[in-house]
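Shared between the two complexes below is subunit A, which has subunit B as its partner in the first and subunit C in the second.
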Partner chain A sequence: MSLHEVNPSIKAFAVVISILILSLFFDPITPLLTIIWAVSITFIFGRISFKKWILLFAPFLFIAIIYVWSTMLFPRLHAGDSVIWKWGFLTLTAEGFQRGVSLGLRVLSFATLSIMFTLTTKPTDFLLSLMQQCKLPPKLAYGIMAGYRFLPLIKEEFQTLQNAHRVRGVARARTIPEKVKQIKRYVIPLLAGAIRKAERTALAMESKGFTGDKNRIFYREITVSRIDWLFFTLMIGAVLLSTFISWKLGYLQFYNGEL
Partner chain B sequence: MLPFEQISAERLEFSYEDRKIFTDLTFSIGKNQSVLLLGPSGSGKSTLAFCLNRLYPEAVDGVLKGSISYEGQSLEAFKAGELNQKIGIVFQDPESQFCMLTVEEEVAFGLENFHIPREQMELKIDRALELVGLQNDKKTTIHTLSGGQKQKLALACVLALEPEVIILDEPTANLDPVSSSELVETIALIKNERPFTLIVIEHKLDDWVELIDTCLVLDSNGSLLFEGTPAQCFGEFASFLKKEGIWLPKVVEAALTAKIAGMYRGERLPLLKSELLAGLDYSFDFSKKISKTLAIKEPILEVKGIHARGHLKNINLTIHKGEQVALVGSNGAGKTTLSKCLAGLIPVTQGEIQFLGVPLSKWKEKDLFQKLGYVFQNPEHQFITDSVFEEIAFGLEHRASALSILEKIGLEKHANAHPFALSQGQKRRLSVATMLVHEQELLILDEPTFGQDANTAHEIMEILEEKSGAVMMITHDMELVDQYADTVHVLDAGELIFSGTPESLWENEEIVNRARLKLPFRKQLQDEFVRREIHVAT
Partner chain C sequence: MLAKWKLREVIVLSVLAVVFAVVYLLFLQLGTVLFGLFGLIGYDMIFGIWFIVSIIAAYIIRKPGAAFLSETVAATVEVMLGNAVGPQLIISGMIQGLGAEAVFAATKWKNYSTWVLMAAGMGSSVFSFAWGFYVSGFAALSPGYVTAMFFVRLVSGALLAGLLGKYLSEGLAKTGALSSFPLGKEHKRNVTV
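Right, the complex of A and B next:
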């Protein structure tokens, strides 16, 4: 079994429900266990290269560390909090520490689940599945697909534009009015180019008989099997089990708007 | 009267934003005919093609008057999408006509739209890909294909639907010479196997001439100028077409020149090389016009063993003062990358480039681009102000001199217009002119005549010839190389495989084939002439 073969819509559904459950609680153990679970299945059943994964994970790790740092060092002090360490105006309390870690792990648990989905799902498969299982209108789905193809083209165009302006001898913008002017200079040709490309693609799609008709026969059928639902159950089960263990250990509490 | 009228148009008129694109077009196309649609740029050829397919007027806010019928039935009577199965179209730009990621998905997209049962899809996809020779690329992602392969894929998508009419809107515009010929050959083969009506809009006519049986010619106002056989069209109206800025097949062009010089004896202008040779006087001189010889060979740009981002390998070349240089090679050989390296727009990973005796990396950007110009493929990219006058005057010390430059390129009447509001040809001329104001020592151009009609292309080359400094241009057009270049550099897969005069390149068959080039028409003719002489002699 491979994560790549799981029905994309069900996979997405499982991730969304897991995140919703996780967001109900606020403690370090539940997200920690979920992270371990999500990371292990990503590598065992997804066969994802570590390099790819860490590239996506790193920014979240950074955010999480900042979270932990700031909540630990600048806690809201409550009476009765046990102080671990004090230096000048900095006070580290046990409660503050736990809050910080919980917040950080929460961010990371959302991240690991989402990364698992992104790295094991082809965008085309996801859109096909959304059309076939979730009745997403083809007009919208194929529009998104065409747009997705455009992204690298637009980036390329932007670089060309920058070069073309350099050759014309436009000095690098330094002051704010200059920057505004520069943006204006870029936006018009970029938009003109993008609109023209989009028009051409739309025309090409229409010329192949695309009308947005919802009764399509798909060349690639994305199916739903028992394995998909098994995956769904396992995912939700794992998150619930994490909460259960956390409750047994006495850490579990409902989320109460802590930041 | 035609055997069977498949498409007929009556008093067609299309206007867009109060401007008439074409007027009063009445014509008909018979089943399985091959029609060439000709006209100068801006005469509404593509618009007409889109109207036949009923993509227009719905897709734009245009007004279509008159009537078009398909097999006796008015186009309006067809259901949405129904007509698209009967009339397929391949567009000019290989980038923006796909909406899926892989080859098979793209072909399937069309079949899905027409509710073809899933069991049949696979077979139809395989057959269509086989027809164009892409059967081994079924699972390939589209963006890794070359330009030529993309155009073949676009054709396969259309063929899979088994249409009765196929419209090709400048399908070879972005292709190198050999890929263009291959595409035409592919179409001719398929048409033999499974007949369909073909409507072609094209600039480069040589490969098509033998396939075509009817020409429809529009003039610059969008009225129908001529409808008839190619022999009539080019044989009797060639000089007229030329005046309209319409490209001619090279055989016709050559015969016309020869006739004016009194060296062609034939009654009518020929369509085939053999006819041309038969009608030529023996005194006809095939050798090239002698280009201005370079008196002093002073190098201005020296490239020493540069490598760049895995594209270029160990390139060495020198450009001299006042030299006209052509850079040629197949699609994806690295021509644009090299030209950008020479302008310092892409860093080199190894090696050195010296411009006017100073390494490129030591130049201050502002000073460098006063001495070195670069014209990008898309003129719009280089416009930085709100008016044509300001474009020229930008960075000039004596702003008044901008007017004289505008006069030179024939844009003085448009001085206050927004650069984006100009026509394609005018934009191109303006973008070249912006690079001439500083009297740059070296001007690099990326396909300067791309997509231009014959008159504009000619004007651009005239501007470049008058220019004092050196010129280096990337091109797929071997005629340009033959006529204008002093030196030609050939790139193949990131390596420089030839540097020398055009004449010596044409003699080197191995290089010509390896780089997917073609001989210029003059040379082809000369070779054939020599072959005949030998034949007659023995």
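Right, the complex of A and C next:
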């Protein structure tokens, strides 16, 4: 079994539902166990190079740290929290610290699950699967694919604009107002060009007989097999097992509707 | 929802969403810098930019579903481009799009004045904040701080999505590229009169 072969929609749902479950809890153990699980799965069944993985993961470490200190500096105080340290309006409590660490680990658990998806899914397969399994209308799906193919063209156009500006002696923007003006000078022509191209593409698609009818056949069929459902069950099962272990250890803390 | 749409409109919506998906990813990096400087509230300052495609698509195309679909597609493309936030971004996109769509729906998709566009940006702010409250666990933060985050995001939605979206769309209308869309036609009428 390889993660690359799992049906993209099912993989996406497994990640999203895991995240929805993880969001219910405010304890450090559940996300920590999920992180260990997601990372092991990614490397055992994904055959991902560590370098690629860490490049995507590193920014989340930074985000997680900010989460921890934001929660520590501005905690929701409960009666009976044990205060560790107090200075001016800042109050650090043991419970606040634990919740901060939990939120930081939650960010990291989301990240590991998402990276597992991102690094093992081809973009076009994902879109085809959304159309074939999740009833995404073909009109929209092929529209997205056409738009996706425009990206390199738009990049080229951007370079052409840059060169044209340089040839005509437009000075490099230095101050912030100049930079804002410069952005406008690029954004409007690029968008206008993209819209014109989109209209021409629509015309071409229609003239070749594309109706957007939902009863169509596909050149590349994306299938769902038993292995896909096994994967789904395993992923959700692992998250539930993590919460169970956390509960057994006495850490589990529910979100109880505080506003 | 798409049955009443012309293919031309669907493709233009998709292309707008693709372009702004790239813009969104670039702003994610700016957001992370602000986040580092100001903490959680840093993201809220520029959160409005992530709703802008809803406003632009709805303002140009003026059909039910434009705000919702464009934001959802933009989020899907962000996932396709391989950003590490992952598939739950599509849910966030849907929720943000619904926030703007709700405001346009309240005017029965008839009124696209500046105030409505700003309110649509704020609609996205409200919806996305409720979602963030659950997923990011804002309940662990002090209520005062969370309230401040909410108001910063509300203002950001009104300005960076509503006003900036209107401004960009009108700049586009001036180029003539929108001549077959309601906004382009409206612009032409105003110029000739």
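The rule we apply is simple: the second predicted complex is superposed on the first by the 217 of 259 C-alpha atoms of A that agree within 3 Å, B and C clash if a C-alpha of one lies under 4 Å from a C-alpha of the other, contacts with A are read in each partner's own complex, and residues count from 1 in each chain.
What we mean here is this: a residue touches a chain if its C-beta (ideal position, glycine included) is under 8 Å from a C-beta of that chain, and two chains touch if they have at least 3 such contacts.
Model, not experiment: these values are computed from the prediction.
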Clash or fit, subunit B versus subunit C on superposed subunit A: fit
Which superposed partner A:127 touches (first subunit B, second subunit C, both, neither): second
Contacts of A:208 with subunit B and subunit C, given as first, second, both or neither: first
Contacts of A:249 with subunit B and subunit C, given as first, second, both or neither: neither
Contacts of A:216 with subunit B and subunit C, given as first, second, both or neither: first
A:146 touches, of subunit B and subunit C: first, second, both or neither? both
Touched partner set for A:166, first subunit B, second subunit C, both or neither: first
Angle at the Cα centre of subunit A, taken between the Cα centres of subunit B and subunit C once the superposition is applied, in steps of 10 degrees: 70
Touching partner for A:114 - first (subunit B), second (subunit C), both, neither: second
Dominant contact partner of subunit A by residue count, subunit C or subunit B: C
Touching partner for A:189 - first (subunit B), second (subunit C), both, neither: both
Which of subunit B and subunit C A:19 touches, first, second, both or neither: second
Superposed arrangement (fit on chain A Cα atoms) - minimum subunit B/subunit C Cα distance in Å: 6
Doubly contacted residues of subunit A, that is, touched by subunit B and again by subunit C: 123, 146, 188-189, 192-193, 197, 199, 201-203, 205-206, 210
Of all residues in subunit A, those that touch subunit B in their complex: 123-124, 142, 145-146, 149, 152-153, 157, 160-161, 163-171, 185, 188-189, 192-193, 197, 199-211, 213, 215-221
Residue ranges of subunit A touching subunit C (in the complex, touch as defined): 11-13, 15-16, 19-20, 23, 26, 56-57, 59-60, 62-63, 66-67, 69-71, 73-77, 96, 99-100, 102-103, 106, 110-111, 113-115, 117-118, 123, 126-127, 130, 137, 139-140, 143-144, 146-148, 150-151, 154, 184, 187-199, 201-203, 205-206, 210, 212, 255, 258-259
Of subunit C, residues touching subunit A in the complex: 2, 5-8, 10-19, 22, 32, 35-36, 39-40, 69, 73, 76-77, 79-88, 90-91, 134-137, 139-145, 168, 171-172, 175-178, 180
Complex contacts: residues of subunit B adjacent to subunit A: 50, 53, 55, 59, 80-81, 84-85, 88-89, 91, 93, 95-102, 104-105, 108-118, 121, 125, 143, 157-158, 161, 340, 343, 345, 365-366, 369-370, 373-374, 376, 378, 380-384, 394-395, 420, 434-435
